[in-house]
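Two complexes are shown next, each including chain A; its partner changes from chain B in the first to chain C in the second.
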Partner chain A sequence: MKFNRCRTLLFYLLTSLSSDFLASEEPVMVAIDAGSYRALYLTKDSEETQVDAFFIDQLPVSNEEFYKFVSEHTKWQKSRIPSVFAEENYLGHWVNVINQWQPDINDTDRPVIAVSWFAAKAYCESQNKRLPTVAEWEHVASASETSIRGSHDPDYNQVILAWYGRPTTQRVGRRDQSVPNIWGVKDMHGLIWEWTEDFNSALVSGESRADSNLDKGLFCGAGAAGSADPSNYAAFMRFGFRSSLKADFSLSNLGFRCASNGE
Partner chain B sequence: MRCRINQVLAWTFLLAISVLSPQLLAVSVANRDLPVEKAVVTSPPMVPPAITRKGNAKVVVEMETIEKVGEMTDGVEYVYWSFGGTVPGSFIRVREGDEIEFHLSNHPSSKMPHNIDLHAVTGPGGGAISSFTAPGHTSVFSFKALNPGLYIYHCATAPVGMHIANGMYGLILIEPKDGMTPVDREYYIVQGDFYTRGAYGEAGLQPFDMEKAIDEDADYVVFNGAVGSMIGDKSLTANVGETVRLYVGNGGPNLVSSFHVIGEIFDNVYMEGGTNINHNVQTTLVPAGGSTIVEFKVEVPGTFIIVDHSIFRAFNKGALGMLKVTGPDDKIIFSGKQFDGIYLPEGSAIQSLDSDYKAVMATSETEQIAFGKRVYEANCQACHQAGGEGIPGAFPPLAQSDYLNADPMRGVSAIVNGLTGPITVNGKTFNGVMPAMRLTDAEIANVITFILNNWGNKGGAISAESVSNITD
Partner chain C sequence: MKKRFIQVILASLLMVNLSQVYAELPSDSVYHLTADWRTENNETIRLSSLQGRKQVVAMIYTHCLHACPVIVAALKHMDAELHARGDSTVSFVLISLTPESDTPEILKAFAVEQNLDDSNWTLLNGAAPDVRSLAMALDIKYKVVDGSEVAHSNVFSVLDEQGSILLQAPGTVAGALKAVATLHPQ
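For the complex of A and B:
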């Protein structure tokens, strides 16, 4: 009996180790129901964006998963990627072991960061997935543990704001340490910023930037005048952050997760 | 294979453009023959030297936005967002007609993108859109300083209020073509209001509180980003006979400042930081997102307290600084106390009030404590605070006070004689002035007994008789 228990423990140890280092399993995807979402920078009268049902990764992509990807698709390796597709800091937190860039052993299960939009997009496509749209991402991110519209709950906002208010620490936290939201999706807040497919649409949608006022909308007073919910500071900050990006940027707190139309 | 080479060529070409383009941009706006110089910027409370050149220049300003933990007051930390690592940000000084090439770099550790809106810029957003910068990036834009004056700059990234509330503001001085009148001392002060989850003085790392900010319910109103930023060793200094000029800004985000220096009259006030000069001003308004320049000659030595004369902000929220002036006294301008005598409104014949009046005397230690509490609230609490915690850097704590517990008669002496000069309380040095208090021996005994039996002090009682040993 004692022996058996020991063996069981050993078995668990081995399997957990192997899943840590090999990631043989497919990432879990979570089904999200259709819903609607109103972009922050639109007025209260504007129509909500319809979000169709879709699937999204339960967790952000890890260093280990991304390492597997660049091993198979070598043109996305740090030493090979053209600088138009990623700036110098691309995978800047990886270490060079015998001319091979790879994640630090302590980083394998942390979210991959310092990846460009191009690389994130290529990763998702390699798995027959895609990056989520802003509307999809915000639709999922606005859920709290108990409600699909947690953004009406002041505590929910305060927790997110507290994270936004802290400078990036030396090392991003581990994945899967937080309570899932009502959809079962984890780490939407509190670890990293995430790429979206149309991250820059707040700036470039609309026929004329001057007419639509969207470019000014996120600066200073004009932002509040036109916005549906000026007290939603967390959403303001996400839109502010996204609109500062270009597709080759590789920032030390920006990662991603994938989405798809089918499972 | 061939396709691949073409691809590589295309990538290389794109790479070349992307690498060169910032320089190309910079070159395209570079002006003809202006001499190029790098701006000298300073951290508060210092101001860069006056501009001596007679012509214009192209001035390159390099500034970095950093998010970092700093100390709001003893034991209270706050994550400041800053220009150049200080609140307020670095002081920029250029000349009217100069062309400024502004390099804004956002530190890679930043969580947020940042930008800068300089009120000295004529153009949309004051540079905000052109300087919008992601973490780990640098933006460059240029502008011409058309209007002389003292201007606020601040971050204007959404949500703007939060970026300002976290300390992202500073001052840029555009000197008029003819220069500023030379003075002996120049200092840089910016007021700001802060909103924290915990109340004033609540220890630990305090997060920004959005609800309080919207309600304009400030926990801290401070000069130069922290309580005590210009107190004690960090006081501003001047010598008797010198002229002092203060460049004063108000970052807000919400509150308007009633800027005042206790014991001085401003000889000149550049109203709202503009060209009009007013004279002989006691208190001047500094709007949120605005500035003023004040000048005064210091005639007598002493410590001059700089406050927001919305006075509870000064004594309870931190808006208090010091200017220490050293040099010889001038008894004509200010005599000091010359006389302290008995005041008898009804003439010398009447020696006492109503003869039926008899002060109620405490008959037990419990009564002493209860009576002492009233004395404390009426006489001591304004400075030493309701919980005896004092004000860091200004008024020593009476709670858990090693200074008092070592010898309670020190407290009696301070009340009877006043207390001037440096003392160390609980490891902190205080160098202020406490005036003598006009209290009866019984009142003094009661208030000291009250203090000894509260806030973690050692207990015990002081009798009116032992007080009279000192007063007599």
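For the complex of A and C:
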């Protein structure tokens, strides 16, 4: 009897998983207009980085979507991925069911986390997309609900900083529970940190011999005082965080979304 | 008929060998990257074909005026120093950070100009996302500045016979000598 119930449960689990996964829709992408973006650590007079028009996923990639990816591209499965591409904690929140790692059934619609940069990039490439650059990501992230440059709204920073201040002991929230920003993109803040294509290039300055100067620009008070927007403390935190990452890291609050040049 | 039979046997032996080589790649090997690259001789290769010898790997761009000439000079010094110690187990690989401008032809011209020994040096051109992945695997930071200049970490890596990173050192003569000393402790 007990065995039977167990089997029924298992059957339910497997069928519901597979049908859910196969039925999942194509992720919605949002068009982002060209714009400019001034790296924080540069001074007010410095030139802005031009960002060309592009498309970005409306939501971060979910556990469900990532599960479908590793089912089709088995070299990225938790049990098979070489250590050069991901550290031990890769997909550490997934559960092992009959020798197969898969998301907990309560996690399917939460953002996938604990994925390395390599795995995130491979996921996007499997969809003929790519990871957004830092400039693209920040361009989208600086929008509030009502303005493209939301960092000038007083509430904008408050909300983000409140999230940064919250301890990450809780489970990552569900996607699509927040109000979209003016582009129509959701969950840029408040759920997870996200990988970018060139996350570690912030520490490189105009030429490699001068790298040491840039650390100051990013982290010192003196550097912040001369920067384009010292009030954008949240963005400083992101830069600090990104520069501490390595591409094989698999952190329990770090996920991603994809971008592309065309729709 | 007999000849054909031998050919089949040889071919299958070769395939077994190849599959063994791939199966045996250590988990931390950079050679798990499966992209195609073009050499300065316009041959298409994968990084895994560099297996079997130690490889000194640096990322450069040929029109660079600052750090790259220093890296290349340092690695040439390292090459000479290894030869002086009777070590012929190490090869050198230069990977372009500006694949659009550093075509195989330009890389070839650079190799000739720099007097790089064709039998021991390989220059590679690859697609931009693959260059980024390799840089990530080697923990090299770079950023295109002003359209064509590239700011990048001034380091090189020594890979063992199967593509695991043995050591990394600054791309200077001092760094090169340190690497030689590590490979040949006295």
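Assume the second predicted complex is superposed on the first by the 231 of 263 C-alpha atoms of A that agree within 3 Å, B and C clash if a C-alpha of one lies under 4 Å from a C-alpha of the other, contacts with A are read in each partner's own complex, and residues count from 1 in each chain.
Assume contacts are C-beta pairs under 8 Å (C-beta built on N, C-alpha and C of every residue); 3 or more make two chains touch, one makes a residue touch a chain.
Predicted model, so just to flag it, every value in this text is computed and none were measured.
The wider contact with chain A, measured as residues touched, comes from B rather than the other of chain B and chain C. Touch criterion met: A:Ala162 reaches chain B, while chain C stays clear of it.
Looking at the shared chain after the overlay, A:Gly190 reaches neither chain B nor chain C.
Once the two complexes are overlaid on the shared chain, A:Pro180 sits clear of chain B and of chain C alike. Residue contacts after overlaying the shared chain place A:Ala247 against chain C, while chain B stays out of touching range.
Contact with chain B, but none with chain C, is seen for A:Tyr233 once the two complexes are overlaid on the shared chain. Of the two partner chains, chain B and chain C are each touched by A:Ser83. In the superposition on chain A, A:Arg130 contacts chain C only, with no contact to chain B.
Residues 82-85, 246 of chain A lie at the contact with chain B in one complex and at the contact with chain C in the other.
Partner chain A is touched in their complex by these residues of chain C: 25, 27-30, 32, 66-67, 129, 132-133, 136-137, 139, 141-143, 145, 149, 151-154. On chain B, the positions that touch chain A within their shared complex are 8, 11-12, 14-15, 18-19, 67-69, 79, 108-113, 115, 117, 124-125, 128-129, 132-137, 156-160, 162, 166, 207-208, 210-211, 214. Within the complex formed with chain C, the chain A residues making contact are 82-85, 117-118, 121, 125, 130, 197-198, 200-201, 203-209, 211, 246-247. Those residues of chain A that touch chain B in the shared complex are 82-85, 89, 154, 157-158, 161-162, 164-168, 215-216, 218-221, 223, 231, 233, 236-237, 239-241, 243-246, 248-249, 251-253.
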